[in-house]
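Presented sequentially are two complexes of chain A, the first with chain B as partner and the second with chain C.
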Partner chain A sequence: MSDTPNAPGESAPRPTPRGAGKAVPIFSFGRVTTIAASTVTQLVRMKTFYFLLAFALVVVAVGNFNIPATPAKELSMIKKVAFGTMDIFAWLFAIVATALLIPKDVEDRTLYTILSKPVRRIEYLLGKLGGVLSVIAISLVAMYAICALMIFSRESLYLSAEYDSMKASAQYTEGEIQEQLSLIRQQGLRAELGIAVLASFFKASVVAAVTIFLSTFASSSLFTIIVSILLFLIGHAHHMASSFWLDESGNSVFVQMLVKVIKILIPNYQLFSFSEGIVQGEAVVSALVWQMGGLTAGYLVVFLLLSLLVFVDKEF
Partner chain B sequence: MSEPAVEVKNLTKVFSLGLKKEYVVAVDNLSFEVRAGEVYGLIGPNGSGKSTTMKVVLGLMAASKGSAKVFGLDSGDIRARNEIGFLPENPYFYKHLSGAETLRFYGKLCGMKGAALKDRIGELLKLVDLEGAANRRLSGYSKGMLQRIGLAQSLIQNPRLVILDEPTAGVDPVGSRQIRDLIMRLREEGYTVFLCSHLLEQVQEVCDRVGIIFKGRMRREGTLDELIEIENQTSMTIENATPELIAEIHELVRSKEGARIVEEGHSRTSLEHLFIQIAERSREEKS
Partner chain C sequence: MKRLFQKVPRLLLVVLGLAVFGLVRAPVEDDLRERLVAANLLLPPPAQGAFDQMSQSALMGTLGGLRSLVATYLTLNAFEHFSTKSWDELRANYLIITNLEPRDESHWVSVIWHLGINATANMEIDTRLPAFERERRFKEYAFQAIDFAERGIAQLPESSAIRLQVAEVYREKLKDDCATARVYGEIVGLPGAPGYARRFYGYFMARCPGREQEAYDYLTALYREGEPQRLPTLIKEIKNLEGKLAIPSPRRIPDGDPDRRPQKASKKPANALPGGIVVP
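Now for the complex of A and B:
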């Protein structure tokens, strides 16, 4: 430090101000994937995958039930329960995980630091949704692997037991034995079951998109979860609502209009139930799968746009 | 003259209270500038409009009237945010991430990657003295450590402007001193720092210019020297002065060889004293 103070009016030497930073792209896929990857890490480190243990327990328990039925029926029953549970876990997880993300970021002020970086709000929403969908996809693959293992082991067991028993009785021809075994195989592990998993993913994706829309204006995670579940249940009643309120001539124009508006606003989750037929061994119509994929993409775009509409001018 | 880092012109921010037709004016026709390369402190009591002003500058809120610009760019423009590093009051980052992961996350959001990002993370961890805790999750960090990792994340993309909202709130004296030293270092390195604080002594230590805000309006603004001078008092700094010289100071200075006035100006009060005076005046106006 200098012994002599500065003369009046003389200021200390100033450093050179820093130069301008680099340009910011209009949209960055990198920023979306960064937020998505962070969301996956967040959900994984929140130990959300522990629910897979509960799922595995359900599948193992169902697989070991002693159901008094033919092997084919028994396999059908195992698949029905396992895939039904998988579906419930997927949409429930989609609601709970999504409902926690944005309100938590707002509450913890993490959102301030993210949005004060060169991040567009659509990138943030896409990243959050992408992260949740990735975790749902990973969970479904894991649950499908658990199911496949159980179905395959039961199918192998039934096939060898049936073959041995029919062969030992010496009453059946080789053709009859093969016919019986093919009936069991039809209810066993088939590649088409993957389409049923995809259907569950489609449904959970739409549920997540609806939940993310609700969380952009909801005051709490609890509110988002409750309303999302409510909308999910209403979304399963489209057909019933149509036949009860729209097809009945006695209802007022107001009620009919209200039902029509609700039908437009709330996704029809019944459409995604085509997976039940696949699980039961029905043939897969590829056009239907494409159609459902398109419908899912449509719902995602619509709900993301609605979310953005609320979120873009939201003040924090 | 270089472009101002922050230029707030006639900024007004009005909040409506729920569905009632009641309004609160949080910021009222506020204007000020933060010059490039300086440390500017905005001080005021709770609810004075400091945080609202910061949020408008950060693009987290829109102005009801007026404008806020960052290096000539509208604060709502995403390019402006590439120039800003922000440390909120009581920063809560993702607790599931470690210190290094936190910096990596924010660096990637700013478009950084590869070796450049890795080097920058190392550099910043060293700057904030958290190299030893780089791989520890933030859930295990103390308040001071969180504040320092927050400061590091605000600098990750090497912004021109750093906005700090109560940077030492809740931090112990040692941690507080470390943050103060970091702010001084940022100034030396050419960063522009815009900070809000209640700790007036610290503001006095680190800021080049200060604005005092009350009820959303700028009450006083200027350099510390300008703000803390007392007009009806005069002080002199005399070299080689004898007691006699002090008694007849002006005449003696003019007549005695070897004696000279090195500095002459107004005596200083403390920034804290000035702040309290303005607060009392404001209360009196209200009553």
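Now for the complex of A and C:
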């Protein structure tokens, strides 16, 4: 409010709109969060979480397979199927959801509304990626909870049955019974399994970053999905396949070059499959987990920057 | 700079970015891969033989990072073969499974159990086959189980579960007490070895011709460890050895033969009166 009265004949000044004249910050976490939150809502409305029902059914079915195996083997099977399914869900969802988001925003014309406001394109990309990763994280946590419940209930059942049968046979000392029970516990619910979930999340994050990069220049969602899945398969197999190719070609220079080009251009997804070892009961090396986290962050930053390079002056 | 940025084709910049990132990350990833494999968190590529035997879908699954799921599917498939007693197909399945997940102890234990116990038991009772063929296959399955055990132990040298399972094959099917004792002897001292392995080592050593004295010394040492080890079978084995080795009475253990029931007190005659007076 000004202290000086208006001169006669001058009209009263119109109140300025809130925030007008203020410089728009180059980057705002608030805007990124808003876009991420709307992406989560968008994905939830696509009935994404119905997958959890199918997952629960798979876990319950595997938990009730009546095969003649030791309790440790049965627990191991439940874990492998549950974590394998989690892994598939995470990377497949990362591909499909990310591939659909930008084209859907163009189709619904939401993208024009967003980009006509003071929203940087990097904020838009980050928000979209953040939204997809949030849904993946929530789903993985929910799936882990279902899986943990199943493992815990089966483990308790096996432990009491094993204890009763060993006690009844009267051939074993208390110490020996406890040793046997600890073998079952090794395949049961352990805190390390949480790291296996994190490994699946790392893999899904890299897949989502690569897919968002592809979707910035792809002409259709279908193209993005197909190419992303192909890249995923090649990224998984190239380490295994390259030694065979080289072997069969007698280490030809052409094959060597091809293997190097693939290695440089396509992410090594197989590296992110370290959840398999954890699920099998191997000890977790925390330094390696941190380094894998760092590598994931590296992939996210680089692929987001590359996406921005394509997306920054793209006309819609 | 901005003009240069606009002039250079965007695709070229993207490929350049990808290549630079690829060159930077490749040595880091190679190092990480080596350390993850050394920590057993990442599995090394399966042997080429495994790829040759896989079906197309299993191969795709394995290459696509679904190694655990493919192994689990094949385990269920192997169970199907167990139900139909198709032992050769079961063995083929486990050849792939153990190549896919060589560090999963339970696969080795299962295949030894299936071939060494179930398949051999089937050969003992399958009357559709002539006796000589059943005997040939019995031995073939038992030795296939032992072969799997050797490969499993090479992968997991500290596994007591694999050794316990193969010991059962030697003990129950091949009736080879010396080999059984050898395997139980290997188990003693391994991490996670069950406490009874020490006693079983002694029991089967006692039945191995030529090792009776060694077995006697070993079992009496266990006996002297105290009450928890003085189980009826241990006492019985020591008693047997005392007889075989003609151990002098003062050096024998004081326990009675656990198989010999204490004699019941003689029933009082019906005509006995209180005070021991018998009415004729």
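FYI, the second predicted complex is superposed on the first by the 280 of 316 C-alpha atoms of A that agree within 3 Å, B and C clash if a C-alpha of one lies under 4 Å from a C-alpha of the other, contacts with A are read in each partner's own complex, and residues count from 1 in each chain.
By definition in this document, a residue touches a chain if its C-beta (ideal position, glycine included) is under 8 Å from a C-beta of that chain, and two chains touch if they have at least 3 such contacts.
It should be emphasised that the depicted structure is a prediction, and the values quoted were computed from it without experimental measurement.
Novice: Touching A:Thr34, do we find chain B (first), chain C (second), both, or neither?
Specialist: Touch status of A:Thr34: first partner only.
Novice: So, A:Met46: does it touch chain B (first), chain C (second), both, or neither?
Specialist: Only chain B is touched by A:Met46; chain C is not.
Novice: So, A:Ile114: does it touch chain B (first), chain C (second), both, or neither?
Specialist: In the superposition, A:Ile114 contacts chain B only.
Novice: Using the touch definition from the top, say if A:Arg154 reaches chain B (first), chain C (second), both or neither.
Specialist: After superposing on A, A:Arg154 lies clear of both chain B and chain C.
Novice: Is A:Glu315 touching the first partner chain B, the second partner chain C, both, or neither of them?
Specialist: first
Novice: Contact-wise, after the overlay, does A:Ala23 reach chain B, chain C, both or neither (first, second, both, neither)?
Specialist: In the superposition, A:Ala23 contacts chain B only.
Novice: According to the stated criteria, A:Lys128 is in contact with first (chain B), second (chain C), both, or neither; which is it?
Specialist: A:Lys128 contacts neither chain B nor chain C.
Novice: When the two structures are laid over each other on chain A, which of chain B and chain C touches more residues of chain A?
Specialist: C
Novice: Please report the chain A residues shared by its interface with chain B and its interface with chain C.
Specialist: none
Novice: If you look only at chain A, which of its residues touch chain C in the complex?
Specialist: 65, 67-70, 72-73, 76-77, 80-81, 83-85, 87-88, 171-173, 175-176, 179-180, 182-183, 187, 232-233, 236-237, 239-241, 243-244, 263-265, 268-271, 273-274, 276-280, 282-285, 288, 291-292, 295, 298, 302, 305-306, 309-310
Novice: Residue numbers of chain A touching chain B in their complex, please.
Specialist: Going through chain A, the ones touching chain B are 4-5, 7-8, 14-25, 28, 30-31, 34-35, 38, 41-42, 45-46, 108-110, 112-120, 313, 315-316.
Novice: Which part of chain C faces chain A closely enough to touch in the complex?
Specialist: 10, 13-14, 17-19, 21-23, 25-26, 28-29, 32-33, 35-36, 39-43, 45-46, 48, 51, 60, 63-69, 71-72, 75-76, 79, 82, 101, 103-104, 106, 109-110, 161, 192, 194-196, 228, 231
Novice: Can you list the residues on chain B that touch chain A in the complex?
Specialist: Touch residues, chain B against chain A: 2, 5, 36-37, 55, 58-62, 71, 78-79, 81-84, 86, 88, 90-94, 96-97, 101, 105-106, 108-111, 113, 150, 153-154, 157-160, 163, 187-192, 237, 262-265.
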